[in-house]
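In the two assemblies presented below, chain A is common to both, partnered first by chain B and then by chain C.
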Partner chain A sequence: MSDQGISIQHLAKSYGANQVLRDVSLEIPAGQTFALLGRNGAGKTTTIRILLGLIPADSGRVTLDGLDPAQDALAVRRRTGYLAEDQTMYPWMTASELCRFLAPFYPTWDMAWAHDYLARFEIPLHTRIGRLSKGQSVKLGVAVALAHRPPLVILDDPAMGLDPIARKEFNRDLVEHLQTSGSTVLYSSHLLDEVEAVADAVAILDQGTIVRHGATESLRDEVKQILLPVSGLTARTRPAQLLDVRRHGDRLAIIVDEAPTYLRRLLEEGIEHEVVDLRLDEIFEAYVIGRTDDWPDMPVTETVATVN
Partner chain B sequence: MIQLIWKAWREQWQGFAAILVIATLVILWAWISIPYHILVPNQMIVELVMGMTLFYSIVASIAFAMGTACGEREMGSLWYTVSLPVSTRYFAAVRLLMGLAMLLLPISLFVLYALVVVSINWSSVTMDPFPQEPETLSEVQMRLGVATMIGMLGTSAFYLPLCVIGCWLRTKAKVLFMGAVLTLLFLFSIFILNGVGVTHHWLQTGLLNVLFPQSIFMNDQMPGPQLPSNTPMAILYLAVTLAWQLTLGFLFAKFYGREPEPMAEVRSRWWLLSVPPVLSKLAVPIRGPRSAMLWLELRQAGPLVLFGMTLVLMLAGLMAMVNAPAGQESRWFGNLQSRLPEITLFFAMVWAAAVGTSLYVADFNRQLGGFWRSRPISPQGWFWCKYVVGLAAMLLVMDGTALVVGWSLISDPSGRPTEMRWAHFACFPLLHALIYTLAVLGVSGTRRASGGILCSFLFWVVTLAASPFLALRPYSPLYIFSELVTAERQGQLDLVQHHYPLVYGGIVLAIMLLAFGASRFAAPLEPGWTRLWLKMARG
Partner chain C sequence: MYVRVEKGVSAPISRQIAEQVKAQCLAGILKPGDCLPSVRQLAKELAVNVNTVVRVYERLTAEGFLEMRHGEGTFVAPPSVATQAAAELKEQREQFAREFEALVRRGLMLGLTPPELRKMLTTAAADAKTGISQRTTAKHHPVGESP
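Now for the complex of A and B:
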């Protein structure tokens, strides 16, 4: 196990006029399972490609276990187990041939472990990969990504396309196994309910920018839905970190970050409220598609008078 | 209906536009070059049109068939398309016909351009310093008409079967591969029909004329395209051809977008030939990354080259059987031996492009490319290993076979009659390497199989374009080859003569530079031209 993890500092990447990543910075300590969340086109795959040294960044610095992929991509890939979304392997090879082909590229390749994975996943050794089912292909991808016992694992939405049971099995078997082995895992996914169960920390990437990151538990503690009466609100009581506002008759359902601070304010101002815990997918939704237009726009003077 | 036509047009208009631009440039070139040519202007233009339509019918048909049969599957939009409330057969028929129309229209325009140029320059015939049996305008028009027929029939003869085969093959690379096979079969049919002093069975001639109807205008043992001598038979052949091509169209409409069959069902058909993954069980030891890359490339290049060689052997065997010189019909093996080297060397000119393109194009696929590039495999190492192994496999198997078989023929000229000379081995391996490298450059630059084919044909296009110029002729690689053969027949083979060191040395240099350029194009995940374009867009 490494003691350095993944470091991303001020990363930027653009394709022509389209800026895909803007000043992205993240620190993923060694041994952490980190979920990178974002909608399609948010920049997750571009970030991962830069991490693997597949494409150059326009600016910024990236290191994986102290290695710079822009300088030494092969060394980074030797230490990394990578499984991509919709990954295709040589269709004319068999699983056995693929393992034998890949083994010489990894000094730490453990053929017994690879065969153990193949047996556990019930993947036939001598059937051509082009003839395997989608689920078998994904599992084979897992086996060859982990057979060299990598200290770093990058999973780019690997469970997409699997059925719900297979996805749950995948997460349970794979990520929990990686966590116990102490690997640093960067997990990019759309399936937030499944990520929630395994991620130590998350970052939300939206339009090329990290809009929030933190430990999963602290994120759940800090981002809350609060139900408030519309009549008690003023422009002054608008939270600094307001993410979403929905009006339900005479009540507002708002989602705020830094909720403990705001809740203290509400108590001080004597505004009646109710707090609802959120799931990770709801937090993600608030950050990415939250709207704050419905906040009641009352003049401060009038509302001060009302409060007084 | 209109929407389907619009969709097919939008998906293929770039190829159509490229063809039109090329046709216009070729005609402009012909027009501008008139004062420098060695044939009478109209003959030159007619020869040019004939040459170009023949190339076009092969190259463009393969390129369009790849898009028609497998474009949607590779784009990933096929399942969406078949879910639309339109009959898949209807959709497939429109797709097929639009592709065919876009293929045929440039030929008509090309010939139209040529007719205009010929008509405008008609008076210059009398000004020509090298008059060579000038033809009348009507003769030129007739020859252009024949060229049009050859181009159109040849186009549909390549396009339709490849589209049908593409329904099963599912990938553009495989359709390209079959296109190369079909090209070889076509060349084989022309060899047979042009065999001097050989009598053909009517069934043999009929079959070839139906499968490759352009042969109808290329037989009669005359050099160059001709009107058929037996018009009623030609009409009969054309009618049968039409029925055959309609059947192909029907098959395409029926099988387009078919689902793969479950493995269990395929396995249960014992009569289907299927090669079991025997090598998987052999557990060949692979030690070190270089050995792994070598093993990978041998596994990919080996079958391609061996398949080509098997095809050549079959074709040479058939030719030895049906085209045996009078009185030597019983000496099949001897005939095969005397024909094989030359056939192999000429066919490798086509196969080199297929090998170069097929080897690389699959590894450029987005998903497979993402897989191997994300492993600790150096892209430069990958490129050069693939390049060297593919080239070596092709040269060893094809040129090597030709050399081994041809050695005794050349060393013992008193034995079987042969056209083989040492000049063949001085020229062809380098030409094969050049065409292979051009294909690799094309596929690396565009990440598409069609880029590989088009680029590999640059050699032929440049040779054809330079052929009318008297001053350039001594520097043509094929002209130098024929001069060397002539000199060798007279017992004077000297590789210092006939500009051989200059031109073939230049080819070696070009191979190295092109391969280096291809390696630069191939290395990044994102194609070089995209990055260049983005840089230009940024100013």
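Now for the complex of A and C:
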């Protein structure tokens, strides 16, 4: 484990009887752009809030560039650009006033850059924040989160309130300013197509656990859909990492992880098959809502595939 | 250089970019010595991860399509005979691999087992090898005539 970047180890958190996170571990190396994917309620925001030191974890440990937010929240906040999921800002201030208000909190605040952002996002400087549109206030939130040029950036679903053009603008900025300056970026998102183009690595969070994480490109090499004839399949043919099974007449469409290993096995056993490349959203779906009970004649001893 | 990345399709982004650049090199739209946009510039333009573009440039450099000159940028490589021959050979080998795979698949569908197929391959390879070496030693004698 390196001191730089973000490290999450065995994180657990409950709200009352409701366990929101169980044993979440992730290592995000410095300079990486990392996307946290999950449905609503999967635990993304809770993870992020613990990283910022806004709420305590029940157990486990997180560090950001070696700092523990539970002990040293201020130092963490100083070097982190953070945009909350539903960021509220003083509605009586104007964008320009907000920048002047925030600047003294951050020794590294770059006013010229903040204004450059506001101009590109076409945010009126002298309109009260309370009168900005939803999209405008998200853009303002992004701008002020990045204006102190933080080495760590944590954004909770920044794309949610942005229109397609602003999203593209935001992705460009992410690529141009954050990736090339070596910032470590963790952000959560629902927009898988866009994540794929931008993120170095992704993690899929489902019901409080990380069900899969990996480099964006290798994920697509490893998770494949395979079409198989139903006849000739045995319990032995069942893949170790089976994510989804759909029966189409006498053919099965299955989605497996560790596909290269499984394809080698199919070839050895002489089972005719076809391989289909999947999009990131299909991989996500297979992990989150995939079901495997359509596998033919499944012996009860076989375990249903889940990944730790 | 015109590159268009389609999001939400099953072809990975790096492959999409690589294939378009390669096609433009082969078609002569990008000419030897042409300067490509910097990694940073292309990444920004396409709104694509910087490392993805780096990987594409590196791969195409390794394949002989591009040339990375330190401190200057990335350029379209001159079409050396070697790289063109290598590209052609690679393409032909890929085509062969596809045909071979189809053949194997057909064999499996006809009920042959992998060990049987392996045996057939060994025999065929041995036969072909003697065939090729006979033909080369008998180069000056037309086939069918005894030396």
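The rule is simple: the second predicted complex is superposed on the first by the 282 of 308 C-alpha atoms of A that agree within 3 Å, B and C clash if a C-alpha of one lies under 4 Å from a C-alpha of the other, contacts with A are read in each partner's own complex, and residues count from 1 in each chain.
To be clear about the criterion, a contact is a pair of C-beta atoms (placed from the backbone, for glycine too) under 8 Å apart; a residue touches a chain by one contact, two chains touch by 3 or more.
Since this is a predicted model, take the numbers as computed values, not measurements.
Aligning the two structures on chain A places chain B and chain C next to each other without any clash. In the superposed model, A:279 lies in contact with chain C only, and not with chain B. Of the two partner chains placed by the overlay, only chain B lies in contact with A:78; chain C stays clear of it.
Of the two partner chains placed around the shared chain by superposition, neither chain B nor chain C is touched by A:139.
Contacts of A:171 after superposition: chain C is touched, whereas chain B is not reached. Once the two complexes are overlaid on the shared chain, A:194 sits against chain C while remaining clear of chain B. Rounded to the nearest 10, the angle at the Cα centre of chain A between chain B and chain C in the chain-A superposition is 160°. When the two complexes are overlaid on their common chain A, residue A:179 makes contact with chain C while staying clear of chain B. Of the two partner chains, chain B is the only one touched by A:15; chain C is not. In the superposition on chain A, A:94 makes contact with chain B only, while chain C stays out of contact range.
Minimum Cα-Cα distance between chain B and chain C in the superposed model: 27 Å. On the side of chain C, the complex with chain A involves touching residues 5, 7-14, 40, 43-44, 46-52, 104-105, 108-109, 112-114. In the complex of the two chains, the chain A residues touching chain B come out as 15-17, 49, 52, 54-55, 74-75, 77-78, 82, 84, 86-90, 92-94, 96-97, 100-106, 125-128, 131. Across the complex, chain A is touched by residues 263, 277, 279-281, 283-284, 286-289, 291-292, 295-296, 299-300, 365, 367-368, 370-371, 373-378, 524-526, 534, 537-538 of chain B. Residues of chain A that touch chain C in their complex: 33, 168, 171-172, 175-176, 179-180, 192-194, 196-200, 216-217, 220, 267-272, 276-279, 281.
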